[in-house]
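Below, chain A partners chain B and then partners chain C, in two separate complexes.
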Partner chain A sequence: MTAVLEARELSVQYKIGRDWLTVLNNISLTLHADEIHGLVGESGSGKTTLGLSLMRYLDANARIAGGQILLDGDDLAPRTPAQMRPIWGSKLAYVPQNPLAALNPSYTVGEQIAEIPRQHMGMNRPDAARRAVEMLRRVKIADPEVVATRYPHQLSGGMRQRVAIAMALVTEPRLLVLDEPTTALDVTTQAVILDLFRELIHDNQAAALYVSHDLATIAQLCERVTVLYAGEVVESALVRDLYKRPLHPYTIGLLASRPSAHTAFVGNETRLPVIPGVAPSLSERSSACTFAPRCPLAIEVCRTHKPPLESADDGRTVRCHRWKEVAAGTVNPLTPQPSLPQGGEGEDVNAEKFPTLADDSQKPLVSEKPPSPLATEIGVGSSQKSPSPLVGEGQGERAVLHATALSKNFREGGLFARLTRRARAVHAVDAVSLHVNRKSTLGLVGESGSGKTTLARLIVGLESADSGDIALMGVDIPQPLDSRPASALAQLRLVIQNPNEALNPYQTVGYGIGRAVQKAMPNLAAYEIRDRVLWLLDSVRLPATLIDRLPSELSGGEKQRVSIARAFAAQPALILLDEPTSSLDVSVQAVILNLLKDLRAERGASYLLISHDLDVVAYLAEWMIVMYLGQMVEEGTSAHVTGFPSHPYTEALVSAVPSADPAARRGSIRLEGEVPSARDLPTGCRFHTRCPRYLGDICKTHEPPLRDAGDGHKIRCHIPIEELLHLQTSPLNPLSIGRGDLSHPKLDSPSLRERGLGGEV
Partner chain B sequence: MRAISKLMIRFLRILLQRPLTFIGMILTVLFVLMALLGPNVAPYPFDDFVRDTAGKVIKRVPPSAEFLFGTDKLGRDIYSRVLWGARDIIGLAGLATALSVTFGTMIGLALGYRGGWVDEVVSRLFDSLLSIPAMVLALAALATLGASPGAIVAVIVLLYTPIVARVIRSAALGLRSAGYVEIARLRGESTAYILFREILPGVLPALAVEAALRFSYAIFLTASLGFLGLGVQPPSPDWGRMVYEARLDYARAPWGLWFPAGSIALLVISVNLTADGLRRVFRYEGSVI
Partner chain C sequence: MTPFLIRRVILLAVTMIFTSALIFGLTQILPGDVARLQLGREASQVSLDAFRERYGLNDPVPMQYVNWLGGFLSGDWGVSYSAGNPAVRPLVIDRLGNTLRLAVYTLILSIPLSVVLGVISALREGSWLDNLISLVSLSVVGLPEFVTGIVLINVLALGLGWFPPTSLIMRDMVFGDWIRILTLPAITASFVLLGYVVRMTRAGVLEELKQPYVRTAALKGLPARVVIFKHVLRNALMPTITVIALSVGWLIGGLIVIENVFSYPGLGALMVDAVGQKNIPLLQACVMVVIFFFAVANLIADVLYALLNPRIRLG
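And then the complex of A and B:
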């Protein structure tokens, strides 16, 4: 394995104010040809800085404080930007996170790609233009000649990212640095792009560094992975070794705090293990072990001496004083899960502190097998009675929210277009009905263009539906926000995705929450309001001292918790959570998800959870709706939808979600093409243009019916239910690996049994 | 309250870091003090003729220890006149600025938040108003209304309110779709509450910069109108007027021109430096101030 780039004891510092603070400390890393090396870290770990440092692409307020960066043997560290310029773009290439920001909006993509061979390879214009088209073809863009004449804003996210990749690869570089390139993309698009990466890097025999916070993507894509914490390498190994047997307590905690690592199906009272504390800021990093303040295994030596990066067997390195004990299995940072007795639906759980890694650092814990990453432990199945209290059809009295046939079309174009009826309609939401029962959670899953955000805005009242009704607590409410009575407003609250935008930067935390309390309970005295604010802060496990802080002084996770506290201020019956954890780190996400479960149990509130992340939704919601292009395509319990994704779209969605267990590569069902525009809906079934199970003309001409598979499980497809379900249980279906005892009531039908099919798998 | 004081302290600290801003602010403060206390400090009333021991009026005396700025062609102490005149120009310009900022903010907030056809109509109205050159409009208005201090303030307010409104409107437009504003709407907050408690603080940076800029323009406009004879009438020590009168006499008593003109220039420059400093502070600090 040829080493393309080797970093030796690399240290990088930033100038903050007047001091130089160390961002990266003694990083050693080797990148080989034809190998994708993953770099995992949370925000503040320095992973982006490392990626850029390896390319010697740093701002003026950063400097390399030590070490070497050897590219094919040449040290890049002492080079000036002028000396680096011939190397940038030709030997080193970079694919950024947000392609829209990286592409020049004033030039066509063809021109932008062509600029590179002209600059670095001395090609003339016509040759360079041809090469640009060739590159577009290599990244699997259809009609590359046409696309080359388009501008970046005319392309979809997936296509833009492919253009960025084409630009990076046009000079056949030795090293490719990819900085979270799929974070901004839908899961189905991401799956295709990841496949593309692997293929192109292999073709080019290049080395690649894939920087991400998403462990699952790295597990699917990379061969080797390095974990970064507080600017240091804490562990580095082959991917399969790391995921099967992590050695560093941080890695163990990180892997365990993902919702996909714990099945949702074991009743609904599991809590995610959480790494306590927060990552240290640049100035707070300890000169001993940087993870010691949060480490459940920390002992005296951890606080006084920095652990060296030691080699374990088979090429692994780990930086921990106690790694040998972890490897031997004599200590384990995770506590056992307190699973509560089943059947206690909605009871006030004795909500003590959610489990964290042990506080007592001296006593090693009893070794406990970490939960299997696959949904094999099934609570749902023939052993549990069907979840009727949660699902119930037409149980209006129990429904907190009941939306009927909501539709919304947006009209494009200004005044003139509207007058002359030339305005095109954007069909955002099409006759979607849903209901949320008391003390239950409904999950809404969809990718961009599915209409889920619009649907949320319709329910909450920020948009008015063109048709359809909304009933809250059994009472019909008018749609426009201004016409709703105050009592209705108090029952429905919203938590939004971006915690920075959710709080007014000029208001203290205490004021923000206090105002929500005041609006909901106008007759309270000032001291009563303050008491309630303190109580709310306590319920989201935030210290009372935050009451006078401004949002700019809080971290993302803390801001989101304040947002949640504020949502609970009015004691609403239903809280709508719009991607509540999408912008947060994995470990912070675990805290928030635990919190949401606790609060749900304590307050008896219902949630409507919207997310593109299937694992998060499956973790919190009992019932799921999958949306595509404004319609609901599948509806059912989380177990069924994620375990038996019957609709072809759901199937593709589930298979596209990367799994952090490299051994269980989920099936590779890939969707061709792009999501059609909502302005120009496909005829018949909206999914037919990309459907892997396309039947025939009927899909193009007739809208598929909404079929009932029993127990409220509904699927919108022309394919008969039995066949869809049968397909799910067929051993040929890559998704049916590890489904365990999961069974579907419909599979028990006599007709299937006669044919020798169905029943339990 | 605590939030405001915390923000203010942080803001002032950053603001005063740049030397130019610091100088600009100090000078502006000095001028304002001059406006407030000038007449108390001035050795002579503004219309008094200075006489020597014999009782004869001393005209055109160059700057000296006794007469810091010298005397003008009529024998009046220029130093005193400058001190007295500060009140007129800063008072007029200040009042006009305060009024235009107040009206402009209220209109701008309403237009930016609500939008709709009212916004379209009013914005076009403002655009047409602003397409007329300021001086032409001022002259026409003052010719009709007569050149009183009230008329001058009215003209300046008429000219500058649309400008402030436009700036505030675009700031409010940006904030209208912020998450916290939508959540406030979902709580059932009234439009007034949202405009004043949620949006206005976010608009303050733009407002502060614009107010400082308007002030500097207003000063200059007032001085120009005074120069043209449309300001406060003589013998009142309107700086612009002083420049006009001294211009004719420049060959014999140039200092009569230097000091009023220099005062106008220095005041405008220091206000501009302050405005510039504010602009930089707000840009660097991002969302919070």
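And then the complex of A and C:
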């Protein structure tokens, strides 16, 4: 294996203020030809800096403080940017993260590719233009001549990423550095792009460094992986070794804190293992083991001496004083999580002052209506074998939220277009009905264009539906936010994806939460409001000292917890969570997910969880809806939808989610083409243009019916239910591996049992 | 693109008509009686009445406006109320020509220099050069034109003798003569523009330098000048173009002080006189011309913006 690039004890420093702080400390790394090397780390680990530093690309306030970067034997470290220019773009290529921002909006993509061969290969304009089209064809873009004349904003995310790869490969570089290139993409698009990466990199025999925070993607794509923590390499190994037998406590913690590591929704008792504490900032890094403050295995030597990077067997390296014990299995590096919410010892003193929905007292939504009696106290996830009664059809009194046939179309174009009827309707949401019961969680899964965001906005009241009703706690509420009564507003709260956008940067934490309390309970005195704010902070496990901090002083996870605390301020019946953990690191996500489960149990709130991440939804929600192009295509319990993804789209979605177990390739169902535009909906079944199980003309001409597979599992497809389920349990179906002991009522039919299928798989 | 252009041209026409009505209305409020202003204090009632009758000043105001508008649109811009009754149109056109010469010269002098200074400032952000450029450009903006103008006259004209101290127009001037008389006023006007354009360019470039596509371009191995001039400037100049367009309006109608200091017969001076005399036909014509150029400059700016920004052009 030829080594293309080798970093030897590379150290990089940033100048912050007047001090030079070390960002990367003694990194040693070797990248071989025809091998994809993954670099995994969370935010602040320095992974992007390392990726760029290996290309000798440093910001103006950064410097190489030591070490070498050997490209085919030549040390790049002492070179100046001017000396690096012949190498950038020709021998070393970079694939950026967010192609919309990373491509110049004012030039066509063809031109942005063509300027590279003009620069490095001396081509003239026509030749370079032809080469650009050739590259577009190589990355499997249809109609490359046409696409070459397009601007970045006219292309979809997947196509832009292909353009970025084309740009990187045009000079057949020795090394590619890929900086989280699929983070901004949908799961199904990501799957296709990863396949493309794999193919092209191996065709080119290039070395590649794939930087990501997503362990699963790396598991699917890379052969070797290096884990970075606080600017240091903590572990490096072949992918299959790392995932089978991780040696460093951080790696173990990271792998364990993913929701997909645990079987889908096993009742409220599961909590994800969490790595306590937060990663140290640049100035806080210890000169001993950087992970020691958070490590459950830390002993005295860990706090005084930095562990060296030692070789374990089979070309692995690990930086830990106790790795041998971990390898032998004599210690457990995971912090056990109590099944009860922490702080559960002793009575909650404030419980009397602030009754929650866990009490049976049902607060009336509108004062005129008498409170409706609760039939029974609804338990959560009582059984694993069959779906619990709570996920049945929306029983009137028990449904916290009941949306009926919500539809929303947007009209494009200005006044002129509307007058001449040239405005086109964008069909965002089409007659979607859903309900959320008390103390339960409904998950809404969909990719871009599915309409899930619009649906969320309809429910919250930021948009008004063209038709359909929304009933909160059994009472119909008007759609526009301004028309809703204050009591309705208090019952339905929202937590959004980006905590930076959710919190006013000029308001302290205490003020922000306090305002929410005050709006919900206008009659409280100032000291009572403050008490309640402190109580809320405590319930999201934040220290009371944060009450006077500004959001800019908090981490992402802390900000999200403040958002959640604020949402609970009004004691809502339902909280709508829109991608609550998508912008957070995996370890922080685990903390938030645990917290959400705790609060759900303590407060009896219901959640409507919207996410593109199937694993997160499956972990938190008992009930799931899958959306495609504004319609619900499958609905059922999480166990059923993820275990028996019957609708072809769901099947492709589940198949596309990368699994962190490299051995279990989750499936290779790939969707061709792009999501059709919502302006131009396909006739008949909306999915027929990309459906791998396309039946025939009926899919093109007739809208498929919503079929019931029992126990609330519904699928919108022309293919009969039995056949879909049969396909799911067929031993040829890669998804049927690892389904465990899930069962499905429809599979218990005698005919299937005769065939030797059905029942326990 | 075409519907966009049509919309903007219609908007231009509407703007001009609306403004003319507004100005017409405002002049009615001005103190002083037109007839008396023209004929003097000693004029007899008979001559005053005759004056008013002749220029239709006894008609109701809306009718006066409509009459004027009709005439204007058909090319008859009326006659000036002042002695000799010169026809308004040739007078205005003549002065407009002078103003345009000065405006174009100012733009040529100031814009390229300002853009270059702005780019240098941004690239050397925080350095002594950046601070110096900022200091100089902002200071000269603050100075009133009559101060800078007079200083320039004193130093460059009276002191060094390089330029004439006034910018009077004589007959049979050649190109060289024009340059001689226009340079000092153009420099004075440039000072005002310099500050704005330098700051706008600097801010625009700084903003674009932060964008990820700059790193992508650098990592393609493109030389620095290609990255700056091809990639960055294309996007960074958009706010600057807007500022320049807005300046054009000022250059056409707002150079009154400079014209005064240099005794240059431009449109601004003509307008001030017209206002003082309540010389409505003359004033209206001047205003229409200024508005026209202002709106056209904005239209060109918008078109340029759309041409440079594919997101607007193609949607």
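The rule we apply is simple: the second predicted complex is superposed on the first by the 698 of 761 C-alpha atoms of A that agree within 3 Å, B and C clash if a C-alpha of one lies under 4 Å from a C-alpha of the other, contacts with A are read in each partner's own complex, and residues count from 1 in each chain.
In the analysis below, contacts are C-beta pairs under 8 Å (C-beta built on N, C-alpha and C of every residue); 3 or more make two chains touch, one makes a residue touch a chain.
Given the structure is predicted, the values throughout are model-derived calculations rather than measurements.
When both complexes are overlaid on chain A, the residue A:41 reaches neither chain B nor chain C.
Contact with neither chain B nor chain C is seen for A:296 once the two complexes are overlaid on the shared chain. With both structures placed on the common chain, the touch criterion links A:67 to neither chain B nor chain C. When both complexes are overlaid on chain A, the residue A:443 reaches neither chain B nor chain C.
Once the two complexes are overlaid on the shared chain, A:154 sits against chain C while remaining clear of chain B.
In the superposition on chain A, contact is made by A:552 with chain B only, not with chain C. By the touch criterion defined above, A:507 reaches chain B but does not reach chain C. Touching chain C in their complex are the following residues of chain A: 55, 57, 81, 84-90, 93-94, 96-98, 101-107, 115-116, 119-120, 151, 153-154, 167, 416. Chain C meets chain A in the complex at residues 3, 7, 211-213, 215-223, 226, 231, 234-235, 308-311, 314. If you check the complex, the residues on chain B that touch chain A are 2-3, 6-7, 178-180, 182-183, 185-189, 198, 201-202, 287-288.
For chain A in complex with chain B, the touching residues are 460-462, 481, 484, 486, 489, 492-494, 496, 498, 500-508, 511-512, 515-516, 519-520, 548, 550, 552, 566, 570.
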